[in-house]
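In the two complexes that follow, chain A is the common piece, with chain B as its partner first and chain C second.
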Partner chain A sequence: MSVVGSVVGFMIQTLAVSSIYILVAIGLSITLGTLKFVNFAHAAMYLAGVYIGLGIALELQFSGDIARSIGLGNVGLDLGFLAALAIIPIITFGLGLLMERFVARPFYDRPDTDQILVTFGILLIVQELIRAFVGGRSLTFSRPAWAEGAISLGPLGTYASWRLAIIGITSVLVLAVYLYIEYTDVGLAVRAGTEDTEMVNLLGVRATRPFLVIFGVGSGLAGAAGVVGGPVFSVVPEVGVGVLVPAFLVVVVGGVGSIVGSVVGGLLIGAVEVGLVMNAPTWSSVGIYALAAVVLLVRPAGLMGAVEVDE
Partner chain B sequence: MSLLELEEVNSYYGESHILRGVTMEVEEGQIIALLGRNGAGKTTTLRSITGASPPEVRSGTVRFEGNDITGRRPEDISALGLSLVPEERRMFSNLTVAENLHVPDISRNLLNRIGRSEETGKTGLSDEEVYEQFPRLDERREQKAGTLSGGEQQMLAIARTLKQDTDLLMLDEPSEGLAPQIVQDVLDIIEEIAEQGKTILLVEQNAAAAIRLADYCYVLDQGRIVYEGTSEELEANDEVRQEYLGV
Partner chain C sequence: MAENDTQSRRDVLKTAGAAGTVGLAGLAGCLEGGNGNGNGNGNGNGGDGGSEYPALGNYPIEGDAATLGFNVPQTGPYQEEGADELRAYELAADHLNNGGGWVDLWDDLSGDGVNGYEIDYETGDTATDADTARESASRMIERDNAIMYSGGSSSATAIAQQGLAQQENVLFMCCLTHSNDTTGGDCVRYGFREMFNAYMTGQALAPIVTEEYGDDLEFYQLYADYTWGQTQQASMRQFFEEAGWSEVDSVPTPLGTDDYSTFLQEAVDSGADVLFLNHYGLDGSNSVSQAVDQGINEDMEIVVPLYNVPMAAGAGGSIEGVFGTDGWDANLDNEPTRVFAEAFEEEYGSTPSSPARLAYSATMQYAAAVERAGTFYPPEVIRELEGYEWDNGGIGEEIMRECDHQTMRDILVVRGLSEEEQDAESGRYWEVVEQASYPDAVGYECDSGPAAECELGEYGDE
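So, the complex of A and B:
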């Protein structure tokens, strides 16, 4: 393979991995930026995306202990991947609204440690519920037929269409959310509220509402990440924690509250991970921590962030 | 009936009792000055009126247009036509001038109005009217608010509240930290707004200027109103001015 080919190949692989981290990281970053809320339960939205998405796209086998004892069989709508990709963000948007109202809001004024304990606890509960109902073994979330095979990009080489599809879907979603935040009233209220929530209230706007909406939007993105990531990462209950860690590092590296930061952070984390997996696999998970540590030493607020992350 | 009435208001920050039975009235169409030394409780009074928290109003009543608004949320009180230009201007510094001016307009958005009984979404000045009154802002529409000079930021803070349908404008130390020439510009703007029919409650360290501008004055000390009178009376009362205002 030519040098250009291997560089492009590396980039495409990086972009595909980064895509999923970015989709998860944006919601984390926004809630941390606007509401100063550390939401580890955000990864439960990814899990919802994977498992409910699998049920919508294909079929979900309930083979956990509880499911067996109550005789729950398989549930599958078999509507296909695109249907799952369309429906899941709506479902997780709704779940996000509920989570904001009943989980997050009561903890806004509490210390970070309380928020971490509660939200991480919720993530573990969701994980164990999945184990109890669906079972702990790894499921197969098959790629849609249209994304099998490879596409030739002329002189740049030939690449798995699936990776290109992930990159395309992510770009559209991230761009849509970026435009939403930059150019709508809700987005403006969120940006203003990130700087000074009380001032937004004093100007007659009930800031809790745009914050609620944007929490839902972030959850919707994490749900979409689950659908996109389902066929890429393994489908096991622990995958929630599995994507949470790199997504959190993306936020730390990119800077809290910035979508552009999440994209840049996601690309860096993805590049380091893919580079190490290719060349020094044993170092791959350590590498992203090292990157985060270096970035924080040089720029405590992250690359694009204005707000410093505590601790 | 006065536009705004405070009756025996007691406000606390945690356990510290700051406002100790503040009673005052703001007549429609007037400029009222609220004066006092550092730490006297002026900002606390304004925050108690707007519903901002802290402080916590533990007893007493705040009435606006005859309605009890004590303990209501800031966004509801603001929707009723009572606005605050807070201490230190509080720009959204990463937003442009135009975006800062657009934030009050969001109160007209359906998401903000739905299920709220207040007359949310009433409009004040249009963009064009604001830019006409504040030409310096017009020239800087796309500039980030954080990069404006102090005087320009104060203008923007005032302009922002005029986009709401305000009846009573409360200003907390609008001349703070500004060069003398700019202070005069800000005072002129306040006078102009008053002439346009808005009622003004003005908190100022610059007591002499505030007394000159105001129709009626209150003097606050250690959370109590220690003096009230017309500007002429306060002007003539050297004792009060020396003891509580240092002028």
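So, the complex of A and C:
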């Protein structure tokens, strides 16, 4: 393979690995930047995306202990993947609004440790509820027929069609959210709030509503990540925690409150992971933690962030 | 040091308890005018009251019930195998107490408990992690007074647990563990394994796969980066290179990897003809599914050396045409298989997997050995298991070797079916290409293979 081919192949692989992390990280980052709220329950939205999405696209098998005891069988709308991709962000947007109102808001003024404890607890509760109803075994989230198989890009290698589709879907979603925040009044209030919430309030702008909306948007993205990630990662209750950790590292590396930071952080994390797999596979799982540690040492606010993670 | 202290403290308590039990039993006999429980029913349990053998490990058993520990992965990449194992363990305990299943087929078992004791059990979650497994097993020994415990998947957890078994003089019946080290360099007197190992998989697989795909091919290996994956890739390399193939590269992947795409891309770029995916459980489902997604099966042949049903179910149609091995199949045509599969289906509404059969069999083997020994005293039970031969486990004739506690037995070489041909209801995901038999196709002497590195350790009554 030529050098150009190797480099482009590396970039495609990095994009494919990074996409899901970025989608989940954006919501985490915005919530942390605007509301100063550490929301580990954000990964529950990913879980909602995976499991509800599976029920919408195909069929969800309820084989957990509680489901068995009450005779709950299989439930599925079989509407197809695109329908799930369209409906899930709306559902998780709504769930995000509920979470903001009933979980996040009472904890805005509480210490980070309280926020971490309650949101991580909620994630675990959701995870175990899924186990109780759906069961702990891995489910198959079939990719849509139009994205099955592999595509050969000549000297750049052969890639799973679905991986390339994920890159495309992620790009569209991230661009849409970026434009929304950059060019709308809601986005302006959010950006101003990220810089100085107190000043925004003093200027007479009610920041609560834009923050609420942006909380929902972040949740919608995480839900969408669940739908596009379902056919790639295992569909098991623990997958929420599995996705949360690298997504949080993306926020740490990219910087809090910045969409561009999340994208840059996600790409860096992906590049390190892919690079290590190619050259030192035994270090691949620890490499991203090392990267996060180095970034925290050199730039505590992250590469693109204005607020330090521990502030 | 702390563990030694704990052990000796418990031993002292056990000895004192045994002495007290003997005295109290006599007193109870006077007060109740006869024996009031299984301990004094005149069937030889007096030995377990402490009169015949000294206290050792959790022997003698206190009370009317013998507690077994079932320590399986309920979380982590091998949780599906663990869930099926747990179902089988619970079924085995039920059959030992109430009859049914293999208890009705095996002469050694009565269906009225074991050696006069009701069988009770505690369960634990190893989380597919060696340290967690050891801690959980330790709780079973210390808190629950388990007289035997069993579990497995992964091999790292099995090896950690059997090391503890040897230290604490409490028997560990291995369930799903396929590393050569379990009955090789890490073997112990207090551990027994019915599962075959990676070495035997290599012996069974190489002749059939090389005949199918041709001579002089190049292969690339991805392997789970812990004892099982390491020994399996070594065995694959040994037997396929002996058969004329050559290894291009062999790359470790962390246990629990979600995304194999980059590893797989490297495999494609290597130009090798065949890809070995030495992954298991969820990892195995993921890696083979992602390999097929990535179109690797168009350029390379894929081999998954160790299969099981939950893994095949997770991978779906991706396993079409993929060779591998398994220890048992619920669709085999023999009486023990039929009896176990029917009992399992009746209880749980699903077809048992090979890990489930291993769990069931490990419990039954232990119980039968106790009955033959007439005591739970661990060294006597060990001696009953060593060299024991049986043919009523659903996979032909088997022998538990005395030299390394490795069962010599047949192995199924299987090949995955297409999604249309698969039948989840009957657990049919592959065709059995061959039942590689011991000693003709698989097996090794006590001074060769993994056994050459095995030193079992002491019985505890020397």
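Definition applied: the second predicted complex is superposed on the first by the 294 of 311 C-alpha atoms of A that agree within 3 Å, B and C clash if a C-alpha of one lies under 4 Å from a C-alpha of the other, contacts with A are read in each partner's own complex, and residues count from 1 in each chain.
One rule holds for everything that comes next: a contact is a pair of C-beta atoms (placed from the backbone, for glycine too) under 8 Å apart; a residue touches a chain by one contact, two chains touch by 3 or more.
Just so we're clear, the structure is a prediction, and the values are computed from it rather than from any experiment.
Visitor: Putting chain B and chain C on the same copy of chain A, do they fit or clash?
Guide: With chain A aligned, chain B clears chain C, so fit.
Visitor: Please name the chain, chain B or chain C, that touches the greater number of residues in chain A.
Guide: C
Visitor: For A:Asp196, is the partner it touches chain B (first), chain C (second), both, or none of the two (neither)?
Guide: Touch partner of A:Asp196: chain B, not chain C.
Visitor: Now for A:Gly94: first (chain B), second (chain C), both, or neither, which partner does it touch?
Guide: neither
Visitor: Mind working out whether A:Arg206 is in touch with chain B, chain C, both or neither, as first, second, both or neither?
Guide: first
Visitor: So, does A:Val186 touch the first partner chain B, the second partner chain C, both, or neither?
Guide: Only chain B; A:Val186 stays clear of chain C.
Visitor: After the superposition, what is the least C-alpha distance between chain B and chain C in whole angstrom?
Guide: Distance of closest C-alpha approach: 38 Å.
Visitor: If I apply the document's touch criterion, which positions on chain A are contacted by chain B in one structure and by chain C in the other?
Guide: Residues common to the chain A contacts of chain C and of chain B do not exist here, since the sets are disjoint.
Visitor: Applying the document's contact rule, which stretches of chain A touch chain B when the two form their complex?
Guide: Interface residues on chain A, with respect to chain B: 185-186, 188-189, 191-192, 195-196, 198-207, 209-210, 213, 306.
Visitor: Which stretch or stretches of chain A touch chain C in the complex?
Guide: Touch residues, chain A against chain C: 1, 9, 13, 16-17, 136-138, 140, 143, 148-152, 157-163, 232-234, 236, 238-239, 242, 273-274, 277-278, 281-282, 284-285.
Visitor: Contact residues on chain C for chain A in the complex?
Guide: 74-75, 79-80, 83, 225, 251-254, 257-259, 261-263, 265-266, 268-269, 282, 285-286, 290, 293-296, 298-299, 310, 314, 316
Visitor: For chain B, which residues count as touching chain A in their complex?
Guide: Listed in rising order, the residues are 50, 52, 73-75, 78-79, 83-84, 86, 90, 92-95, 99-100, 102-107, 109, 111-112, 116, 120, 160-161, 164.
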